[in-house]
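In structure tokens below, several structures.
Both complexes shown next keep subunit A, but they swap its partner, so subunit B is in the first and subunit C is in the second.
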Partner chain A sequence: MNPVSKGASMKQMILDYIKNEYLDEDEAEDVDLNENTPLISGGIVDSFSMVSLKRFLEKKFEISIPDNEASPEAFDTVTSIMVLVNRHLAKKGA
Partner chain B sequence: MSFDYERMCHETTWEVAREELRYTDGDTVNIGYLCVDVHVEAGRGEKLALIHEGHDGTLRQFTFRDLQQLTNGWAEFLRKTVSIRQLDRVCLFLDKVPELYIGFLGVLKTGAVVEPLFSAFGEDALIARMQDSRATAIITQKRHVGKVRKAKDRLPDLKTIIVIDHDEDGRKLKEGEIDYRMMDHRVDTFPIAPTYPETPSVLHYTSGTTGAPKGAMHVHGSVFAQYLTSKLVLDIKADDIYWCTADPGWVTGTSYGIIGPWVLGATQVVLDAGYSSDRWYATIERHHVTVWYTAPTAIRMLMKDGFEPVRRRTLTSLRHMCSVGEPLNPEAVRWGYEAFGLWFHDTFWQTETGSIVITNLPGMPVKPGSMGRPFPALTAAVVEPKTGEPITEPGRVGLIAIRPPWPSLMRTYWNNTATYYSKFLNGWYICGDQASLDKDGYFWFCGRDDDVINTGGHLVGPFEIESALLEHPAVAESAAIGKPDPVNMEVVKAFVALKPGFTPNADLELDIMNYVRKKLSPLAMPQEIEFVEKVPKTRSGKILRRVLKAKELGQPIGDISTMDDD
Partner chain C sequence: MAYPAAVKDAFAGELAGIRDKGLFKEERAIHSPQAAHINVEFPRGAELRAEINLCANNYLGLSSHPDVVAAAHKALDERGYGMSSVRFICGTQDLHRKLENALTTFLGTEDTILFASCLDANAGVFEAILTPEDVMISDRLVHASIVDGIRLCKAMHDTYKHCDMAHLEQKLQEHQDKRVRVIITDGVFSMDGDLAPMDEICRLAEQYQALVFLDDSHASGFIGKTGRGVHEHYGVMGKIDILTTTLGKALGGASGGCVSGRKEIVELCRQRARPYLFSNAVPPPIAAASIKVLEVLSASTERRDKLEANAIFWRKGLKDAGFVIKDGDSPIVPVMLFNAKLAQDVARDLYYEGIYVVGFFFPVVPAGQARIRTQLSADHDIPMLARALESFKKVGAKHGILGLDKKGIIDKYGL
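Up next, the complex of A and B:
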């Protein structure tokens, strides 16, 4: 089993990436970032920055996410991102 | 009654705006006063001015009386506590929070110049703009104060950092930082600075092909143009609920997201949340928005989600819709009509023009894909690039030109008058965009006349991106171009030659992307990086972006006799 497909480590990996890349040091201390924090609608990740987040996911999980699936809704929380990533991991494994 | 453009041109003059705003020669004029105090003095103090919805759905409402007391509070604080003097530059570096809209007018009441900065700007973008303007104060919030702190050492003129949401229980403020809670500072009267039509008011930075961003300086008299265009183009009336989706970090968000609609006494809706089609439709439905001013990129994103989310909502309050930022493609105009039963009216203008200059007016037959016709108080033409002579032949491409003066034309580029004067040719102001005219006098956009990248309705300078790329430890040479994109019109594509010892790979690509995003802004982040052996340049070292763009588009490369082929 691919270790990154384990829910807990995948969640932590994505959360860490968002914290390190999209939040300032000061900001990171103020924002309660968890798997259900709204990222796009909450203004933490904007639609342009979504491209780099998508690139990270593709690289880290060795998947390809079609542009039409990279919607603000699909990227709005770490939970919804994990659903998307897991779907593509399952496809890859099939 | 049919639309009579010629008659409208005859009847529409800037003098009409001056009369309707009760201005006579020699009077003072202050944007802050006209947006707020006029309405209170006329007995409309209890009218709702601002409905603010936060990303978590929290609603806050402000009447014009609230705005009067709170703008006075800002002005008194800035003058007495921060010692802001007339013509000092005061930056706003805030999300779309009420303090941004109200603070903007508070600064103007003091007679200082307000300099809005897009809240997603990174440290380098802040430094470039604030070093040039020599701003003495910045109003920001906890989320963004870290970036200001990092930039501060390179900003010797910056004396005061005002933080609007400092938490007493949180970290301590540093030297030069002040806590200001807007809602705790209501002031009934404030002696508004005696500003005149030519007194500087708003400083907006805009990107060019070369050099650092340029500060377009506007004056208080710009309000005459913003008022008249808001009235006649956006069709805003005092009883309208108006939603401008632009961020006041950019000129649309101030000219038409603060000034124009409030001078007309309308109620404005502000949604401080990231994009989601359902949230946008819910906002129109919840607040009964009647007039909507948005951008082609947003409209194309809404299109992607189809008609179903539109039909789930009751959007019958909408009566007029306009668009700005980049050309609105015919498919989007037609989709808008099918979705809402209304036409999106495309409008064209830029940071330098301060107000709409070419437009589709209410009632005017819309030709999907056309920019429309000149605003009736203006004379506009398509001119020969070399001579500035107007082109009358339909379909022939030239440069969009507007005959000065008009009230909201920038008065200079701050610290850069040579570039300012270079924008004029044969008595015309040259916008830098190419277009053609049809036989009915409608303008049709063809493209930029320079290398500036229009992404999501915002202009990004390739030079700024290339400079940021060069600061990355792996990058030896860089070039940036706008690559066509179905949603954003263009996105940034970078060409990068690496230093010895570095190998192109996905990790490095992502690292470079994020590096530029943090240095400049998400808009400037290359969405694609192509690693090359070397960047094409002339023998004198100038980057040949047109060669890269032609290759990207599969077009002929053209004359490359000046290219350095060593």
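Up next, the complex of A and C:
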């Protein structure tokens, strides 16, 4: 798999999880969810419910994200989440 | 003492930030007992205005009920003002035991322990009974005090979409490897006024071997045929493992709360719950008045019946007038305005019409869901509510929102 399609599939995987985990069916139609949609500051994911997203990322990508890195800022967009995940994947591969 | 200028400026800056965001909360002084009719000073120093109160948790109108006040007076004379002690040192009177027993009977549980507030009960119970091998699975709209209690506990936590039973089931399946699973929910959700489907929750709890935690603060005394709560409404009394509730709303309105439920859980709270161990016993007048409240409610359902009739009248009146309200079976009736400024403007205009209500907006409710939360009381009567409806219609017409649906209001005022 080349890096572009790998990135695209990671993005889609995270977007799909957020849609299923955090949006109600009626909300899903109203919300334009993409990699730059503010998740926490935009009120889609509350900081208290963020834990399931962290666990999903850890399980799916077989990484461990320390609590101090799982900040509302780091989790605020899918783009910033991917930066975090990729950093940990690189660390794992190193 | 040191209060450096830089620290003072930092605090002042934070306050200015709160004001700039329009989130500054200003208190209004009431110059009369808590009741359906109150005299309010607002803004500070302004002349008193007579208002119909539509935002109190005084659901059964017992806050200033003469029998309740008399019971408090009697205990004040006979048992004193305060205990000057926590319960386990020398703060337990016979009144506390009597009230705990009365709550156990009223709520249909095995045992009860009093706390200084339901916030304290929620803050203490999880930490007292759960370990890191356990999981707490909470509805996403539970009360802030439950969120605090969960944060204080070392068990894992997870959340499910509001009242979404399929999502809850998925979470229960995911966490089958844990020692203890606890499903955590409010009975009536305070901002929306809707009820948690306790029959479904108890069924899932049985299927997946989970405990059920229910905070019935906005239900105890009036939801269910005899006012025992949401568990009575759904026919699952006796199946709630941990029930917390408050004496600060329908049950007298002063203060105090409790954890009621399985004997072992209550006893663990007595041994370990930090807010119980480290704060004073409920004052004797409040304990005695609360016993009286339970006597009044056990003798007759008149008050909860009247409250139910008032809520039906109010919901229908607002709907017929063309307001958007959240449907439900409780005396919490949110009038949806979606736009934060509109909610504040409508609340202000109603105040000058003699109706005391408050606008709620983000972060108290989700962004784009600003509202005025109205709350009914058995102290209201139909003529009073009819007059309040006229005021709502007048203010609604002024803002041009009558007959508009959600989309119509958002198109007109934005989010």
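Assume the second predicted complex is superposed on the first by the 89 of 94 C-alpha atoms of A that agree within 3 Å, B and C clash if a C-alpha of one lies under 4 Å from a C-alpha of the other, contacts with A are read in each partner's own complex, and residues count from 1 in each chain.
Quick note on the criterion: a residue touches a chain if its C-beta (ideal position, glycine included) is under 8 Å from a C-beta of that chain, and two chains touch if they have at least 3 such contacts.
This one's a predicted model, so the numbers in the text were calculated from it and none came from an experiment.
In this overlay on subunit A, subunit B clashes with subunit C. Judged by the touch definition given at the top, the superposed model places A:83 against neither subunit B nor subunit C.
More residues of subunit A are in touch with B than with the other of subunit B and subunit C. Once the two complexes are laid over each other on the shared chain, residue contacts for A:24 go to subunit B and to subunit C alike.
Once the two complexes are overlaid on the shared chain, A:48 sits against subunit B and subunit C alike. Within the superposed three-chain model, A:38 lies in touch with subunit B and out of touch with subunit C [touch as defined at top]. Counting contacts by the rule stated earlier, residues 24, 42-43, 46, 48-49, 51-52 of subunit A appear in both its interface with subunit B and its interface with subunit C. By the touch rule above, subunit A contacts subunit B in their complex via residues 21, 24-27, 29-30, 38-43, 45-49, 51-52, 55-56, 59, 68, 71-73, 76. Residues 22, 24, 42-43, 46, 48-49, 51-52 of subunit A touch subunit C in their complex.
Note for the complex: subunit B touches subunit A at residues 55-56, 95, 120, 142-147, 170-171, 272-276, 279, 301, 304-305, 455-456, 506-507, 509-510, 513-514, 517, 522-523, 525, 527. Subunit C makes touch with subunit A in their complex at residues 140, 147, 150, 157-159, 161-162, 164, 362, 366-368.
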